[in-house]
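Labels run A, B and C following the written order; every chain starts at residue 1.
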Amino acid sequence: MRAEQKTASLMAGPYAAFLLVFAVYPIAFALVLVFLQWDLVTAPTFAGADNIRLLVHDGRFWSAVANTFVFLSIHVPLQIITALALALALNRQLVGRSFWRAAFFLPVVISGAVVAILWSNLYATDVGLINHLLVKIGLSPVPWLTDPRTAMPAIAVMVTWKNVGFYVIIYLAGLQYIPRSCQEAIEIEGASAWQRFRYLTLPSLLPQTILVVTLSTINGFQLFIEPYVMTGGGPLRRTYSVVLYLYNNAFAYQKMGYAATIGVALALIIGIVVFAQRRLIGKAEAL
Amino acid sequence: MKLLRRIALYAGLTVAAITFIYPFLWMASSTFKPPVEVGSLALIPHDFTLDNYRTMWARAPFGRALVNSTFVATTITLAVLVFGSMTAYAMARLNFRGRPALNAATIAVLMVPGQLTLIPLYTLIVQLGWVDTYAALIVPYLFNATAILMLRQFFLQIPQSLIDSARMDGMSEPRILFTIFWPLSKPVLSIVAIFTFMGAWNEVLWPLLVVREQNLMTLPQLLTVFALGGGAGSVGVSLASAMVLVVPVVAAYAFLQRNFIESMAGSGIKG
Amino acid sequence: MPSVTFEHVTKRFGDATVIEDFDLQVADGELLVLVGGSGSGKSTILRMLAGLETVTSGRIRIDDRDVTDLAPRDRDVAMVFQDYGLYPHMTVRDNLSLGLRLRKIPRHEIDRRVAWAAGMLGLEPLLDRKPKALSGGQRQRVAMGRAMVREPKVFLFDEPLSNLDAGLRAQMRIEIGSLQDRLKTTTVYVTHDQVEAMTLGDRIVVLADGRIQQIGRPIELYRTPVNRFVAGFIGTPAMNFIEGTLAADGGRMFFSAEAARLKMRAGTAESSEPITLGIRPEDLRMDFIPQQPTHGSADFDTLTGRVVLVERLGGTSHVHFQVGPHRLMASVASDSLPEVGHDITAHVPAARVHLFGGDGRAIGRTAEIV
């Protein structure tokens, strides 16, 4: 046991030390920073509840939170629908199934920065590909990223496009778990395609749907590079995300205490939202 | 009726596939087009040019960024594989005091959103004097809790008698890990390698915080700074710089497509 | 000089004591079998001897060397595992030779030993295959070969046959037995299967709850079990038991239970505690016609009951019958069998009866029959 203990501490010890320095300490220090004012140049000063008070009354923070909810209200449902539809299509006997799967998955492996730069060009008002298509079919061009009404939805559609391949894989895995006997049973009952989907497939995929909701929600709260590259948070701050605000407070304004406070608040909001979603889905399931 | 449905299915899939692939093809072709052609939907450039690449290469240190990204992502990946499997081996197969605590801490760490620790980690890097160093880009990623949990899960399924045999044969524990467990763990190791490399290769927020010196920037960071700072000047140049980042990943993806998809699905949390 | 010695060995996992104050000596060249049910501690004892499990207190010696704190590789023992523990990514040859290579044994010596073991076990044609391409019996042989090439002081077997089907198990049992006969290497063999224990062991250690119940040659355990546990554990089919009491009557001891009264051998001591009478199925002789309508004969050496089930196994058959509340079984030749529902009489030879006291210990042993 002594020898095993020694070997184990050599093998797992570095990780334990790493966790202390790069996980436990930052979590604890985040809670300390909430009560500090610190520009990283001069010594930190105790700020009491200033940061918290500021945050509560900070219109910019809350509008960033509101923007995120706008994003989520489009992104999450759209993500579920598109991922589910593609997964159901891919779950059939298909020629070149792995090609289709690979095609949908391609954007997942591409850096978000690249996707943002690419879509800035696709969305561009005058020379953008999308407007080019619209004009071709006789519609008028839309200023996607410069109109306050369309900017956030445009970003939400883009993020959905980027991530859908990942969620298709999750749904495909879930579809494999539906027992053949159940599918045959419901077919013998004479259910229509819609009924089979409504009463067998959809309920069976509930765990995957919960996962998709949770992951896409967390992902939505992490929105950063897209507005950073595409809109800078505009127009009219409508695409300003919480992480972008946090980043600017730390990097542009050197307000570490306040940036950390935003981080803690964001973590709390994520926790509450994810918890509420699970409760809601649980209730819906019980009905 | 049945035939019609199949035709509709394939038509739908084709349209979907085009929306996923076409933008990248358009991007690739635009980098070879002169500025006047960029707005066109055509994929074959009328006047083929390499000017965008020349301009991009001349204006910002993309070669250097490619080296930086490769070095950082490779180092992180190797570390996560070697250190991660050593940790996972101990956590899965050795008895030691603190093992339950380490397990619990690993799971707890995964539940804390990254935004909470972002600023404290940044201040830590500043205080360590690591701003504008490779250490800032690498050290916080040397261990990966997701990877450790995945490896641990896999190691738990390897029969105890293999460890016992190896010990009777006179192997040390690290030797058991690297000569017995590793050959048996190729699937999970490649999954971990791919998602770690991808994550490191594509990461942009962290480098934006801890690196300001152009010569130390990773590709996605330099690309972002370059595009935002107006250094590109034209769409073609900015897309050409994006290609430096995309081409290695797509090449690897083309070869290891199945592993890529499984690794992303397997990593779960990372997305 | 004993080859393996356990002295007051105790093993605890947390608060649970798995082995308590275990003492054992294994003679040089002996094949000793540790047998017991799951949770009896038999595997833990073997793994402590191998060095795969630490000892909480006490000492373990191999020859006269104290190995208690040595790593497995330094103990000069080799082990065969239940699921073989073959390295799946290595060929049979590499599996056999790895332990020798790690010990820096010269190349020609490794080749000699591998060839020797492969020849003995019939593995030559398989040397370049991987374990996946082998049958269960072949894997078993490779695992044995891997132990043999080490030429260790002690072989350890941990339930080596339990992953094999019945036919192969019988065959491998014979192979292990004859192999050990030829090699004369001290062997400790763990199994839950008492048939394996009886056929293989020079001596058997019966374990329950981390304690030794009895140590002895197979025939001793069969004929003179020291307690009710060993009596029930050793021997197939299992011994019949009847709960009752002993009482003296006219100078002889009688065993009495509901629907049963049996005369005991002369010299049986009187006892006031509750008694369990044990009789092996093969020691019962059977008459198809009840001698008397009442239970028991005038000589008080029979039990009368009704047949409830007859299992025909071929040469012998098992006749299950009910005597009052007691369900008994007799193992009899198949040439003439009673029918279900008929009454029978079973003779209980007093010399073959085992008696156990309230604590399960054998009393008034029938030790004379050897």
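We adopt the following convention: a residue touches a chain if its C-beta (ideal position, glycine included) is under 8 Å from a C-beta of that chain, and two chains touch if they have at least 3 such contacts.
Fair warning: this is a prediction, and the values are worked out from it, not measured in the lab.
Chemist: Need the central chain here, defined by C-alpha centroid distance to the all-chain C-alpha centroid.
Modeler: B
Chemist: Have a look at A-B versus B-C and report the one with more C-beta pairs in contact.
Modeler: The greater number of contacts lies at A-B.
Chemist: Provide the C-alpha centroid distance between chain A and chain C, rounded to the nearest whole angstrom.
Modeler: Comparing mean C-alpha positions, chain C is 62 Å from chain A.
Chemist: Compute the distance, rounded to whole Å, between the mean C-alpha positions of chain B and chain C.
Modeler: Result: the chain centres lie 58 Å from each other.
Chemist: Hey, how far is the Cα centre of chain A from the one of chain B, in Å?
Modeler: 17
Chemist: Can you pull out the residues of chain A that are in contact with at least two other chains?
Modeler: Those would be 1, 4.
Chemist: If you look at chain C, which of its residues touch at least two other chains?
Modeler: Expected reply: 71.
Chemist: Mark out which residues of chain B touch at least two other chains, giving numbers and ranges.
Modeler: In chain B, no residue touches at least two other chains, as defined above.
Chemist: Quick check on the complex: what are the chain B residues that touch chain C?
Modeler: My answer: residues 159, 161-162, 164-171, 180, 183-184.
Chemist: Show me the residue ranges of chain C that touch chain B in the complex, using the header's touch definition.
Modeler: 47, 50-52, 71-73, 77-79, 81-89, 98-99, 102-103, 146
Chemist: Taking the complex as given, what residues does chain B use to touch chain A?
Modeler: Going through chain B, the ones touching chain A are 9, 12-13, 16-17, 19-21, 23-24, 26-27, 30, 38-41, 83, 86-87, 89-91, 94-99, 102, 105-106, 109, 112-124, 126, 139-140, 142-143, 145, 148, 172-174, 198, 201-202, 204-205, 208-209, 219-221, 223-224, 227-228, 235, 238-239, 242, 245-246, 249-250, 253, 257-258, 260-261, 264-265, 268-269, 271.
Chemist: In the complex formed with chain B, which residues of chain A make contact?
Modeler: Contacts found on chain A: 1, 4-5, 7-9, 11-12, 14-16, 18-19, 21-27, 29-30, 33, 38, 40, 86, 89, 92, 94, 98, 100-114, 117-119, 121-122, 126-129, 132-133, 161, 163, 165-166, 169-170, 173, 211, 215, 218-219, 221-222, 224-225, 228-229, 242-243, 246-247, 250-251, 256, 259-260, 262-264, 266-267, 270-271.
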